[in-house]
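Chain nomenclature is as follows: A, B, C and D, assigned in order of appearance, with residue numbering initiated at 1 for each chain independently.
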Amino acid sequence: MCDNYWNEERMRMGDKTKDMTVADLAIGKKIWVIAEGHIPSSSTGPAPEMTSHESICIVNASDQPALLTITIYFTDREPIGPYEITVGVRRSKHVRFGELKRPEAIPIATEYSSVIMSDTPIVVQHTRLDSRQSENALMTTIAYSQ
Amino acid sequence: MCDNYWNEERMRMGDKTKDMTVADLAIGKKIWVIAEGHIPSSSTGPAPEMTSHESICIVNASDQPALLTITIYFTDREPIGPYEITVGVRRSKHVRFGELKRPEAIPIATEYSSVIMSDTPIVVQHTRLDSRQSENALMTTIAYSQ
Amino acid sequence: MCDNYWNEERMRMGDKTKDMTVADLAIGKKIWVIAEGHIPSSSTGPAPEMTSHESICIVNASDQPALLTITIYFTDREPIGPYEITVGVRRSKHVRFGELKRPEAIPIATEYSSVIMSDTPIVVQHTRLDSRQSENALMTTIAYSQ
Amino acid sequence: MCDNYWNEERMRMGDKTKDMTVADLAIGKKIWVIAEGHIPSSSTGPAPEMTSHESICIVNASDQPALLTITIYFTDREPIGPYEITVGVRRSKHVRFGELKRPEAIPIATEYSSVIMSDTPIVVQHTRLDSRQSENALMTTIAYSQ
């Protein structure tokens, strides 16, 4: 169905997109940075949906699987990584930093930053749900890209 | 009145904008991406204003109607779409993902990402109101564009 | 003191910044867009600090006053504006949309988008404090610029 | 380990990254702006983790220390600064505006904007935790860069 859609889109947009598919558009960038990072130390509310978390949402709209490597930077020690993640062809992936276990778990209640590199263009968004108090708080931003 | 305004603006900015109107500025981009997506499964508070929702806000400042197609990407299945939306000439539009029904409703409590393509430059902002607990939480970001 | 600072900065950065001042850097852009807009209809908490509001924060780091014109776009009517604002030389300004009264007040509980044009480079950030329920919710994003 | 990682990454990406290290990528920009700024006047919840704060998170992924100078802009007075901060090689730093004391403390309950300049590319994210009411509210955005 997406192919049909794109055929129509191509007709609408004319020659410029001739022979292109959505995946050919190379949507996104290969380097992404999130300067803010902090895994809260406790939670309230039903698990797992309301568990405090810090996550990255990734979309790979291309026809190539995206191989990502995440490096975590700290205040007072050398960075750790790479954490390796694959995002399939035309797939979305939501990753909680607290789930990253290799090469080592990211310490909780510690400030960090992350640099995400991909061999295929992707888009990365950073979101935190903080449920340490009885009501949840949310924040989000598209990460920095280049 | 906007035309009067723009005439004055042109005088102030000099020759550079001669014969231009605001709509000629081509404000925005044609490809937008929101990597984070999740329609909460329940709400508290008076409906519809306080109903949990995930929405995109779109502005088309041009003199051409904008024809948008939204494709939704998932973790473990092929993308669905296109959802088609028209944003009129010099109009704003706020769309809740939960209102998108054709070709099929987006499942609730499921992680997704979205790619929005437009035949006219637009600007897209992503906002979530989460009212699953007794107090609402808000988050917003200008989407990724290229 | 800022001049002293910049002299040192120049020495550190070498010839590239010779004879430049911070204000010469032309920090920012002249066109800014916020696609999301909604003035809540009610508030809880002590006024005015905890009154629900939708605001734009502007900084003009230049040596020229910035003359801004804001146009508000709606779902089902022609845009209104221009609202005119001046941000002084090396000044910050926080403007609540609810304070914009000329040419007419922006209706509450109505969805809108805004386009901000300036004759001098500026930076614009969008923030909402929503205190309709007993606890406040916050959201922010750097606006779209070009 | 990061070096091993990068060796593998280079092999995967081919000649383009030959002889490069992560630090050579010059990740980020040298000028960053946060237009919104406000240090809340009071807090609820356990200190220091739940104390209201306005902060910037910085990451320096390079092999050079980053020397930052922050200038604070106000509504009705000349800017103050520079506040000087160093972010070490391959380090993250989270700075609360309330901790900036030299040349002078930033007044609380006052609106301001900030311009951050660095002699080395960095990435800056702005975050506010507001705990003036009984539940915390969060907001974040990648700062404006150029």
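Details
By our rule, a contact is a pair of C-beta atoms (placed from the backbone, for glycine too) under 8 Å apart; a residue touches a chain by one contact, two chains touch by 3 or more.
Keep in mind that what you see is a predicted model, and the values were worked out from it rather than measured.
Taking the mean of C-alpha positions as each chain's centre, the chain lying farthest from the centre of subunit C is A. On superposing C-alpha atoms, the copy subunit C sits rotated by 90° relative to subunit D, to the nearest 5. Look at the contact of subunit A with subunit B and you find different residues on each copy: under half of the numbers used there are shared.
Chain centres here are Cα means. That of subunit B falls 20 Å from that of subunit C.
The mean-CA centres of subunit A and subunit C are about 28 angstrom from one another, to the nearest whole unit.
Contact with two or more other chains is made by residues 134-135, 137-142 of subunit C. Of all the residues in subunit A, the ones that touch subunit D in their complex are 31, 33-37, 67, 69, 71, 73-76, 78-82, 103, 109, 111-113, 115, 117, 119, 126, 128, 130, 132-135, 137-144, 146. Partner subunit A is touched in their complex by these residues of subunit D: 1-2, 5, 9, 12-13, 22, 25, 27-28, 45, 49-50, 57-61, 90-94, 123-125, 127, 134-142, 145.
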